[in-house]
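After this come two complexes, each holding chain A, first together with chain B and then together with chain C.
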Partner chain A sequence: MELKEKLVASFMAFEDQVDVDAPVHDIRTEAIKKFEVEGFPTKKLEAWKYTSLNPVLKFDYSVFPKTEPKLQYGDIKQYFLHDIDTYKIVFVDGKYSSYLSQTTHDGIDVCLMSSALTKPKYRIIIENYFNKAAKNEGLSALNTAFSYEGAYIHIPKNKLVDKPIQILHLATGTETGLMLQPRNLIIVDENSHLEVIERHQSLTENPVLTNSVTEIFANKRAIVDYYKVQNDRQSASLIDNTYISQKRESHVSVHTFAFGGKLTRNNLNFYQNGERINSTLKGVTIIGDKQHVDHNTLVHHQQPNCESHQDYKSIVGDSATGVFNGKIIVDKIAQKTNAFQANNNLIVSDKATMNTKPQLEIFADDVKCSHGCTIGQLDESAMFYLRSRGIPEKEARALLMFAFSNDILSSVKIPEVKQRITKLIAEKLNVKLGFDL
Partner chain B sequence: MKYTEEDLREELKTKEYEYGFYTDIESDTFPVGLNEDIVRAISLRKEEPEWMTQWRLQAFRGWLEMIEPEWANVRYKKPDFQGISYYSAPNKKPKYNSIDEVDPELLATFKKLGISLDEQKKLAGVAMDVVIDSVSVATTFKKTLAEKGIIFCSISEAIKEHPELVKKYIGSVVPPKDNFYAALNSAVFSDGSFCYIPKGVRCPMELSTYFRINQAGTGQFERTLVIADEGSYVSYLEGCTAPSRDENQLHAAVVELIALDNAEIKYSTVQNWYPGNEKGEGGVFNFVTKRGLCETNAKISWTQVETGSAITWKYPSCILKGDNSVGEFYSIAVTNQYQQADTGTKMIHLGKNTKSTIISKGISAGRSQNSYRGLVQISARADNARNFSQCDSLLMGNECGAHTFPYIEVKNKSAKVEHEATTSKIGEDQIFYCNQRGIDTEKAIALIVNGFSKEVLNKLPMEFAVEAQKLLEISLEGSVG
Partner chain C sequence: MLKIKNLHASIDDKAILKGINLEVKPGEVHAIMGPNGSGKSTLASVIAGKDEFEVTKGSILFENEDIQELDPEERAHKGIFLSFQYPIEIPGVTVTNFIKTAINETRKAQGLEEMPANEMLKKIREKSDFLEINRKFLSRSLNEGFSGGEKKRNEIFQMAMLEPKLAILDETDSGLDIDALRVVANGVNKLKSKDNAVIVITHYQRLLEYIVPDFVHVLHNGKIVKSGTKELAHELESKGYDWIKEEVTA
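What follows is the complex of A and B.
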C-alpha cells in the first residue's frame, strides 16, 4: 500500500485512539482532507523543483510505533548537550520518555503537546495559537492531521529562562521503518527570552522519516534563539516545517546545522506581524555521499521598519546535492524594510550539485533589499599560503572550509553549542583542527 | 513656479503613446480563427515549398496538444486564439525594387515613426528590413550587402531562394515544439528577417528590422533567423511599435541565432509596443522566444531595452555549446502604469571555459510589476565555466513591484558563479542634490535613471542608444517616487 493511502486509512484509527472531543478535532479532519487532495509534493511544484521525495517514500513505514523500548541514559548521552544544565524533552519513537526528560511547570511551562491538547487548562491557549501560524498545505497538513505529541513550551511575560531547552527525538529502530510526526508549539510572551536546541537522531540503520512541524510565537520584545542540529544517520530523512510568527520588536534567530541525514528539507517561514522586528536565519550545510539537503526559506515582511538577515553556507562533496531556495516578500506597507540574503556555496567534488534560487518579491519602494549568491571553490592562493607554511593539504583545505563556515558560528550565543558544532564540523571534514573556540 | 509632482503627473496623463496612430493601408487580412486550413493557406500565400508546409503543420499539431504556460509572474486575460486573424499584409504591390516604388502612404507612416527610408539610403550605416503586420515590406542596402556575400532578406524570400540554409537551421535552436508560443509561431509565422553572413566576413553595417502591427484584430508572428558562419561578425537591431487600440494584440515572435566557430552576433532590441492606456486597457501581449547557439569560440550578445507592451514574456537565451564560447545579456526593462514584465535570460553552459555575463536593470513605476527570471545552468562537462549576474531594480512609487527569480544549477566543481541583486528607490538626497544645482525634478530623475541603466545603454549601437535614452525618459515621466 502506498504511504499516502496508508496514512489516510489510519487517520480514523488515530482519531479513535486520541481524545476525539478535543477542540483540534475539526482542524485535524480538515487537514487530512487537504492532504488527501494534495498528497505528497512532487517535483512539479515550484517549491519542490529540486527535491524529489520518491527515494524516501518507497519504504514501508509503520505509522504507529508499538512498544516503548527501554533506553539507558548512557547509550544516548552523546546526543545531548550534557556539559551544561538544560531542560530536556525527550521522545523515543515518537513517545515521551519521562525518565530521560527534565520538564517543568515552575513559572514556565516546558512540557508536552499531548497534555496541552487534552487538558482543559490549556484550552484557551490551544484555541489561540495551535495551527495559527502553520499553513494548511501538503506536508504541514499531514502533520496537523496526526498532531498529538511533541514539545509544548510557554514562557509567560518578563521571564528569562534560566537554562536552554533541549528537544531530542530518538528513533530506536525496533520497527523496520518508522514515520514520526512530532508537533511542537512554542509561545514566548512579552519581554521573555528563550533558547532551544532541537535534534533528531536515529540509533540504527533502519529507515526513519520525520515530518515535523514547529510553530513559534514571539510576542512583543521577546527574544528566541533556536538551534537545529541535523546530524542524523544516512538512513534517516527529515522534513522540518517551522513557522514563526513575530510581534513587534521581537528578535528571533534560527540556526540550522545540516550535516547528516539522507534527505533533509527545511521549510523555514518567518512572518513579521509588527514593526521593528528582527529575524535572523543562518545555516551551515556540509554534506557528502549521496546526501540531499534543501533549505527553503521564506521571510514575509508585512509591517514597516523591520529587518531580516539570512546567511546560508554550504559545502557540497561526493555525489551530494545542495539546494537553497530563499524567498523574501516585502508587502506594500512594509516601507523601510531592510532585508539581506546571502548564500555562498563550495562545490568540492565533480559529482556534486548545487541548485540555488534566491528570490525577491518586493511591493514597497522605500526598502533596502539585496541578495548575493556565489558558487565556487576554495581560493588557490589561500591554499598555497597555508601549504607553503607546512600545513598538509587536507588540513589546509579543512581550515579554509572551517573559516568559510565560521561566520555562521560567530552568532551562536551558547558557547557549548558552538563548541559542539565546531567538533561536528571537524568530524565531518575528517580532520583535527587543533584548536578550540 | 516650482515644478511639482502634481504637474508631472498631470503631464504624464496627457502624454500619450506617440506611435499610437493607425495608417489606412489597404491590406489583405485572413478571416479570424486557426485551423489546418489557415496554416495551409498561409503557406500557399507565401508560395512555400511542400517541406515548409509540412513543417508548419507539424508544429500546429504539436501546438494543439500544448497548454498555455502559467508559471510567469504576470496576470492577464488569456487571448482567444480563435479570435484573431493570423495573416495580414499590406496588399499593394507585394515587392519593391527600390524605395521610390513604395506606397507613399507607407513612407508617410515611417516618417511619423521617425524612420526615414530615404535618409537610410544616404546615411550609410544601417541596412533595414521593415515588417508591417509581420510581412516584410522593404529591405534596404541589399545590393551593397550582396557584394560581400551577405544574404539579408525576408524569411519568405529566403525559403524560396536559399532553401538549403533555411532547411538546415530553422527550428534547430528553437524546436517547433519548444513551448506554446514558439509552436504557434512555427505554425503561422507570416514573415520575418533572414540573415546569413558568410565565412570570415565582417558585416560592414548594422542590420536592422523594424516591426509594426497595423491592422486591428491581427496577431503578429514573425520569425527571425540569423546565421553567422565561421569567423564572421554581425550586429543586428530590432525595433517595434503598434497603434493604440483598446483590445489586446498578440505578438509571438521567434528569433534564432546561430554563431558558428569564432563568429560573433550582437543582437539589440528596442521594444516599444503599445503598452495600453493609463487604465491598463489594451496594449500588446508580447510573448517572444529568443535563443542563440554558440559553437566553439563564438560569442552572442543580447541587449534589450523593453519599454512597451502590456505583458512581456521574454527570455533571450544562450546555449554555450562550444568550448570557450561567450554569452552576454544586457537588459533594461521599464514598466509603468499597468504594465507587467517577466523577462530575463537562460545561460546554458555546456562547453569548457564558457563565460556568461548577465546585467539586468528593472525599473518599475505606476502600478506595474517587473520580474527578472533567469537560469544559469552549468553542466557536469563544463569545466571552468564562469558566470556573473547582476540584477538591480529601481522602484518608483509604492504601488509597483519588483521581483527576482534567479535559478542557479551547478553540477561542476570548477565553476564560478556569482549572483547579486539589489532593490532600491531614487533617494531623496539624490534628487535634492540635483535640485540644488538647478536641475528640476523631472530632469533629475531622467539623469538618475540614465545613470542606473548606463551599463546597458553603453552596449547599444550609437543610433539606438539615443533612441533608447529618449524612450526611457518618456516611459518614466511623472514617476517621482
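What follows is the complex of A and C.
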C-alpha cells in the first residue's frame, strides 16, 4: 500500500484513540479530507520544483509505534544543551517521556499538546490559536489530521522566561521504519520573552520521516528566539512546517542549522499582523554525501513600518543538493517596509548542486527591499594568501569555509548555543585549527 | 640563500618573466625596481609559489634546494614570506587567530610542538607594540575594512611573528603615508640580521631611504636589465625609467 493510502486508512484507527467530539476533531477531519485530495506534493508544484519526496516516501513506515522504548538520559545527553539549565520537553517515538523531560506550570505552561487538546482549562486558548496560523494544505494538512502530541508552550504577559526550552524529538530503532508527526503550539503574550531550541534526532539506521508543524504566536511586543538544530542521521528525513504569526512590535528570530539528515525541507512562514514588527530568518547549511536541504521561506508583510532580515548561507559538497526559495510579499498597505534577503552559497565539489530562487512580490510603493544571492567557489586569491603564510591547503580551505558560515552566528543570543553550533560547524568542516573555537 | 637562474614564467601562455637571474645571500637587502607591468609582482608570486603562473624554464633554488615543485605552504615552512601588494580580506577570522594558526602550522611542519599560549601572547604583544598596532585591531577580522596603511602594517606584523629567512615585500610602500612608512621600515630593519634577507619590490625610491638596499635591480619586460647599488635607485628617481628602456632597446 502506498504511504498516502496507508495514512488515510489509518485515520480511522487514530479516531479510536482520540476524543472525536472535541472541536479540534472537526479540524482534523477537514484536514484529512484535504490531504486525501491533494496527497503528497510533487515536483510539478512550483514550491516543490527542486525537491522530490519520492526517495523518502517509498519506505514502509509505521505510523503508530507500538512499543515504548526505554532510554537512559546518558544515551541521549549529547543531543541536549546540557551545560546550562533548561526546560525540556522530550518525545520518544512520538510519545512524551516524562522521565527525560522537565516541564512546568509555574506561572508559565511548558507542557504537552495532548493535555492542551483535551483538558478544559486550555479550551479557550486552543480555540483561539490551534491551527490558526498553519495553512490547511499539503503536508501541514496531513500533520493537522493526526495532530495529537507535541510541545505546548504558553507564556502569559510580562514574563521573562528564566531559561531556554529545549524540545527534543527522538526516534528509536524499534520499528523498521517510523513516521512521526509532532505538533507544537507556542504562544507568547504581551512583553514576554522566550527562547526555544528544537531538535529532531534519530537513534536508528532504520528510515525515519518526520512531518512536523509548529505554530508560534508572538503577541504585542513579545520576543521569541527560536533555534532549529538539524544534525540528524542520514537515515532520517524531516519536513518542518513552521508558521509564525506576529502582532505589533514583536521580534521573532529563527535560526536554522541544517547539517544532517537525508532530506530536509524547511517551510518557514512569517506573517506580520501589526506595525513595527521585526522578523529575522537566518540559516547555515553544511551538507555532503547525497544530502538534500531545501529552505522555503515566506515573509508576508501585511502592515506598514515593519522589517524582515533574511540571511542564509550554504556549503554544499559531494553530491549534495541545496535549495533556497525565499519569498517576500509586501501588501499594498505595508508602506515603509524594510525587507532584506541574502543567500550566499559555496559549492565545494563538482557534483554538488545549489538552486536559489528569490521571489519578491511588492505591491506597496514606498518600501526598501533588497535581495542578493551568490553561488561560488572558494576565493583562490584568499587560498593563496593563507597558504603563503604556512597554512596547508586543507586547513586553509576549512578555515575559509568556517569563516564564511560562522558569521551567521553573530545574532545567536545564547552563548552556549553559539559555542555548540560553532563546534558543530568546525566538526562538519573538519577544522582542526590552532586556536580555541 | 636564493638563486634564480634563467627563470621564465607565463600566465595563460603569455610570457611575463623572460630569463631572470638573481642571487640573494644571507644578510643582504635587494631592491627590485621597474615600471608598471615589468613583471615585479609576478616574480614575487612565482617565488612564493602561486600556481596561476607556470614556470616554463629555469630554476629557483632556496638554500640549495629546488623549490619549484613545492606548495606555497611548504615554501612558507622553509622560511619564505611574501608581503602582499593587496592583502586579502578574510571576514570571520581574526588577526590573532590567523597568526596563531599560521605559526602553529609552520611549527607542526617543522616537527615542533605548538607554541605555548602565554609565549604566543607575549610575542603578539611585543611585535604589535613595536609596530604601533592597537591591540583592538588584533581581534578584528583579517584585513576586513582595514585602511591601506593598516593592511600593510598588518603584513609586516605577520612577518615579524613568522620571522622568515627571506622576506619579499611587494609594493609595501604603496598606500602608506610618511609616518606609517617609517614605522613599517623600522619594523623591517629591526628584523634584519646576518642570517636573513629581504627583497624589496617597489616602483619608487622613497621606501629605499628607510630600508637601504645593498643591491638595486631594474626589471624591464621580464628581464633584469640593470643592476647596481643604491645610487642606481637615486638615478632612477631623478631620470625616470625611460632612459633604461632606451638603453635596452638601443
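Please note the rule applied: the second predicted complex is superposed on the first by the 432 of 437 C-alpha atoms of A that agree within 3 Å, B and C clash if a C-alpha of one lies under 4 Å from a C-alpha of the other, contacts with A are read in each partner's own complex, and residues count from 1 in each chain.
Convention: a residue touches a chain if its C-beta (ideal position, glycine included) is under 8 Å from a C-beta of that chain, and two chains touch if they have at least 3 such contacts.
The model shown is predicted, which means the values in this text are computed figures rather than measured ones.
Of the two partner chains, chain C is the only one that A:N406 touches; chain B does not reach it. When the two structures are aligned on the shared chain, A:G107 is found in touch with neither chain B nor chain C.
In the superposition on chain A, A:R387 makes contact with chain C only, not with chain B.
When the shared chain is aligned, chain C comes close enough to touch A:E395, but chain B does not.
Contacts of A:V348 after superposition on the shared chain: chain B is touched, whereas chain C is not. Taking chain A as the reference chain, the count of touched residues is higher for B when chain B and chain C are set side by side.
By the touch criterion defined above, A:P415 lies against neither chain B nor chain C after alignment on the C-alpha atoms of chain A.
Applying the stated contact rule after C-alpha superposition, one finds that A:P55 touches neither chain B nor chain C. In the superposition on chain A, A:F363 makes contact with chain B only, not with chain C.
In the superposition on chain A, no residue of chain A contacts both chain B and chain C. Partner chain A is touched in their complex by these residues of chain C: 48-50, 52, 71-73, 75-77, 81-82, 84, 87-88, 90-93, 96-98, 100-106, 109, 114, 141, 158, 162. Chain A contributes residues 46, 50, 332, 335, 345, 347-377 to its touches with chain B in the complex. By the touch criterion stated above, chain A contacts chain C in their complex at residues 379-382, 384-393, 395-396, 399-400, 402-404, 406-407, 433-435. Residue ranges on chain B touching chain A, taken from their complex, read 71, 380, 393, 395-425, 481.
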